[in-house]
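Labels run A, B, C and D following the written order; every chain starts at residue 1.
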Amino acid sequence: MTNERVPVGIIGASGYGGVQLVRLLQDHPQVETVYLGGDSSAGKPYSSLYPHLEPFVDLTIESIDLDQISQRCQVVFLSLPNGLAWKMAPELLAKGCKVLDLSADYRFADLEVYQKWYGSERTDQETVASAVYGLPELYRDRIAQANLIGCPGCYVTASLLALSPMLKQGLVLPDSAIVDAKSGSSGGGRQAKTNLLHAEVEGSLSTYGVGGHHRHTPEIEQICSDLVGHEILVQFTPHLIPMVRGILATVYATLRDPGLVREDLITIYRAFYRNSPWVKVLSGGNFPQTKWVCGTNSCYLGIEVDQRTGRIIVISTIDNLIKGQSGQAVQCLNIMMGWDETLGLPKINFYP
Amino acid sequence: MTNERVPVGIIGASGYGGVQLVRLLQDHPQVETVYLGGDSSAGKPYSSLYPHLEPFVDLTIESIDLDQISQRCQVVFLSLPNGLAWKMAPELLAKGCKVLDLSADYRFADLEVYQKWYGSERTDQETVASAVYGLPELYRDRIAQANLIGCPGCYVTASLLALSPMLKQGLVLPDSAIVDAKSGSSGGGRQAKTNLLHAEVEGSLSTYGVGGHHRHTPEIEQICSDLVGHEILVQFTPHLIPMVRGILATVYATLRDPGLVREDLITIYRAFYRNSPWVKVLSGGNFPQTKWVCGTNSCYLGIEVDQRTGRIIVISTIDNLIKGQSGQAVQCLNIMMGWDETLGLPKINFYP
Amino acid sequence: MTNERVPVGIIGASGYGGVQLVRLLQDHPQVETVYLGGDSSAGKPYSSLYPHLEPFVDLTIESIDLDQISQRCQVVFLSLPNGLAWKMAPELLAKGCKVLDLSADYRFADLEVYQKWYGSERTDQETVASAVYGLPELYRDRIAQANLIGCPGCYVTASLLALSPMLKQGLVLPDSAIVDAKSGSSGGGRQAKTNLLHAEVEGSLSTYGVGGHHRHTPEIEQICSDLVGHEILVQFTPHLIPMVRGILATVYATLRDPGLVREDLITIYRAFYRNSPWVKVLSGGNFPQTKWVCGTNSCYLGIEVDQRTGRIIVISTIDNLIKGQSGQAVQCLNIMMGWDETLGLPKINFYP
Amino acid sequence: MTNERVPVGIIGASGYGGVQLVRLLQDHPQVETVYLGGDSSAGKPYSSLYPHLEPFVDLTIESIDLDQISQRCQVVFLSLPNGLAWKMAPELLAKGCKVLDLSADYRFADLEVYQKWYGSERTDQETVASAVYGLPELYRDRIAQANLIGCPGCYVTASLLALSPMLKQGLVLPDSAIVDAKSGSSGGGRQAKTNLLHAEVEGSLSTYGVGGHHRHTPEIEQICSDLVGHEILVQFTPHLIPMVRGILATVYATLRDPGLVREDLITIYRAFYRNSPWVKVLSGGNFPQTKWVCGTNSCYLGIEVDQRTGRIIVISTIDNLIKGQSGQAVQCLNIMMGWDETLGLPKINFYP
């Protein structure tokens, strides 16, 4: 490491993803945030959006001028609604920036799938081909070489960290996997929507996108298929939980070999994540709660086998805004820069 | 009572006030809801806004045609944003309807005060003069004679039910009263606002309108001044609590006679509310929680005297959407129609 | 109906099940609660346990004297921890009372299964054989003839109302059913336990009893097996949600006939529940939230088919303390007495 | 600073105060936690109480042997129920340890007041006289010299940081101060109590200790009286809020000089806290939310003057378990050791 901090910028700093990045980077010893961009809030002090930051952050939100940004920043995080990043990233890359995108724009290798679920018409197949899927636990080596990262979001990260070992090792029947996922309300972002009002969400539990009608289904299936080498179907159901942060996925799949016991699976999972400092595989009989990971970049996995039904059940939990979003991007940045993967990221929750 | 139900209409049925009225009137033995009006949702089945009502309510939202409404309805509830009711009520009254307004439009005897805080320019002093303030515990007799009611909202109802006995009986120093009030998030209504998102409100506690900068201060002061016969100042501070329903006011005032003890005050309060079936004055040492009244039209009062400081402290709690809004309107209607004041209104919470 | 109210007693009135019964029976036009029993609180006014009831309930908790109770009560509800009811019910039955038990004691036809999961040693096979499982939607006719009912609890009721039509009609592969269930904290009862403290539960989401290690698995399987005529395995996982009331089960199963579409299933479910006034099968594309049913005895079902994976997914939600406990017992009582099944039970939630 | 870490121990590590200390000290660059003590859990791995710490803390809880502890620890934190610390601290002090007590045992200069409110009979006036009240913003210099600190708790810290400048500068009428305080549920600790169950607290708001009947009243009054040099009465009312962490005090007092305006007060407060890095006085018109400080050691103050009523209103918020408990103790330790007051303590919340 050098003593000089790497200058970074954030385009789209006003949302929850943006404010997490701003916050995380305050504690990062190797970077300095020098630019916060957003067209609708341009000219306002950042702390007018998040007044608790008044004593700590004195940056002003600037309009988005890619030329300017690329001159001032070595690294740019894009934290925008889907469909905007792909119009900015190529120019930033051409001007020498490393780009980490938090939206869906660079998560899909196949633009047709993207277009089916996200609507935009795109022809930037070449840039897409150069992007790496920003899940370090699966693609660490490729991330280290990349200049453009499409970071996965919260549901997909929690699901894939549970599914990958069992699929990669061929332990379960293809297409038997069911992901019953539960998310806090901050996953919906900071836009004003009636269905995300406190009076609607609090004290209630609901589901949406039942039956494969959710954008995250094809994203999960893409990575699972990539892992096993053929097409995989996954049943994915998201639920909205009356809590702000945290996501928990309960993952079911049918074991090929009904003789496997819990301890076998724990051993396999621990081996799979041997070099992944952020994944904690709990010892037998322990299952994580979302609160354990809130405010951290960790993922905890609890593993069970039901020998009556022949199924493996994995409980996976992350902080949706850190390991499920901004922390993941910082973890990718650490890898891209050759730093320790854990640098500057929070490890332990303040319980309760 | 006759066997024929009174036909009623609700203009502005899409918000929380509207849906409470729809719900309450389903259980009312003497009325039938025949009209639900709202311009922005006109033509939609009401249950498309509140799908849980699909099995119970098959009315369609209609556009607002005052002529039509007055032909079909004997009673009209106005549940609209401030500043709209006063443009509709005169015509409905002229056509023979009884009108109960849930907004601020008919709460102020003095139009100048209204205009200062609510902005509209109005000259309808005559109609305003005919309106009665819809707090039955103070104005029961006038409500019985009225055709136009301006119903007070949640903060003011909770505050006034605590303040009225001590002020009316001259027990406390004028201008010594402080109302520290706490409300659930449903008081903010169903419009999408960033500051009312679940991710903002949940797990946090905030204040707003500190230092008399809140519209409810002049309304509380108007009624207190009316009660005692001279101008009264009240310190009022609202707080937003991470719960959906319920409001609790902690009211402080300095006793004139430091020799009064708690039991004296309880006796005075019980006498004051002798004929008010919805106000429950708790026995000494007991203080209410908001949950006790949620889903009911009750107000519970807990009373204490601190002899060290010479102050009376009253804890007052109501359901902000029932006794603090729609239930109060139904209570007023019961009185206007000569029915029992408790008719059709819920009494006991489903604890917990 | 006669004009005389049926005298009923509740043994074990101090918990959440007890207070729901007390509350529900206040509104029931055909019964009068004349006895509240509990050894540890005997002698105390009931309202000392639930002070919000002070203005409404003036019964004192009495010690448990079965002779006395049977003389005063025609119907007795047992709302006790598991393992106590079976010591009281036979005597009450012998003395002519109808008995509705809310515990697990009379839910299992096979005492061995009960003993394996609940520990007590019992030999009262004869009484057990006379008990009817208190889920009216499945056993309405037998309930009408019974004097002893073992009412199912919240998890099992929500699960079975989702599973029964698909299993009974043979629509799904045996053993393919997975119930991912989510419950509010009141399901844990009113005993002081560290893991149910507000500071532990709020803002978090956890699971327990993963992998078939939960008492409700054999109970669900018993009824499912009874429905189809052979042994059925069900995967059941309970989760604790940071909300007080409500339960939601997400039920997955693999269709035998992949050609079935959502509308077929909705038709089949509606036919199955044609005579069940408390079950509401939503129209296509609608899925219920727990808040919709809180404070009511209703169950809402939302149905989806994922044609990619060949699975049916049913979302089932009830109020865990009403349809999942005390309301169910009152519904059973209505049937036992020949009254309308909906008598005295709440129908519509006060949203939000 | 030297490179060697100071060995510290925590007696009473199993509660929320204990786990906060364990967590905070993990990030402190100058100390190392070498001993965790608790009689009831002795012999258990600490992570069996807090399983999320399994990957981070491998200490075992040990029984309490003061001799042992003093040999291994240079600093001892006592995080025990009231009434136990005073039996241990003298021996630890005698053996050369610095002692920071989180209970009430060393908060009162006058043992009679302590005994009246906390019950124990004590004669250790000499040790008490050597203890310093652990609120650095008021007693920084004395803390620097002390070996025994009695750290104030959450309610008192939030109240005093709001009250001190106005009282010390003689800005308000004596005895006019009212503190309406609101706390999250974690302030009640981790003992299983019915009234702190999630099902009781969530969705509700309650008060307790109304009218001066709360232990914190004499503690607040003691420090206020010390500040102004004569006896001061304060009206203090605590409320329980349905959130886990955070405390907010709304403080009212009558200004002596009604000509003072908000900006005057803000200037005075900022001057008072010029050397207090953890207190943030917000600019005019801004008021803090509890969420802003959760997970940090900061106190935010928002200030208003109501010129109609002549009152100052101060909104004060802290994290009850950090600045209101364990973080405060670490801040005191930093001062006792001559380190920077902010060392190792968290500054910025992860919003939302």
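One rule holds for everything that comes next: a contact is a pair of C-beta atoms (placed from the backbone, for glycine too) under 8 Å apart; a residue touches a chain by one contact, two chains touch by 3 or more.
A quick note: this is a predicted structure, and the numbers were derived from the prediction, not measured.
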item: Same or different residue numbers at the chain A/chain D copy interface, by half rule; value: same
item: Greatest separation from chain C - chain, by CA centre; value: D
item: Pair sharing more residue contacts (C-beta pairs) when A-C is set against C-D; value: A-C
item: CA centroid of chain A to CA centroid of chain C, Å; value: 40
item: Chain A and chain D: spacing of chain centres that average the CA atoms, whole Å; value: 37
item: Rounded Å distance, chain C centre to chain D centre (Cα mean); value: 46
item: Overlap residues in chain A, where contacts from two or more other chains coincide; value: 16, 186, 199-200, 202-203, 242-245, 288-289, 291, 352
item: Contact footprint of chain D on chain C as seen in their complex; value: 16, 184-186, 188, 190-194, 196-203, 242-244
item: Footprint of chain D on chain A - complex, ascending; value: 16, 19-20, 23, 26, 50-56, 186, 202-203, 244-245, 280, 282-283, 286, 288-289, 291-293, 295, 300, 321-322, 346-352
item: In the complex, chain B residues that touch chain D; value: 175, 178, 180, 182, 199-200, 202-208, 210-212, 233, 235, 237, 239, 241-246, 248, 250, 252, 287-291, 294, 302, 304-306, 308-309, 311, 313, 315, 317, 352
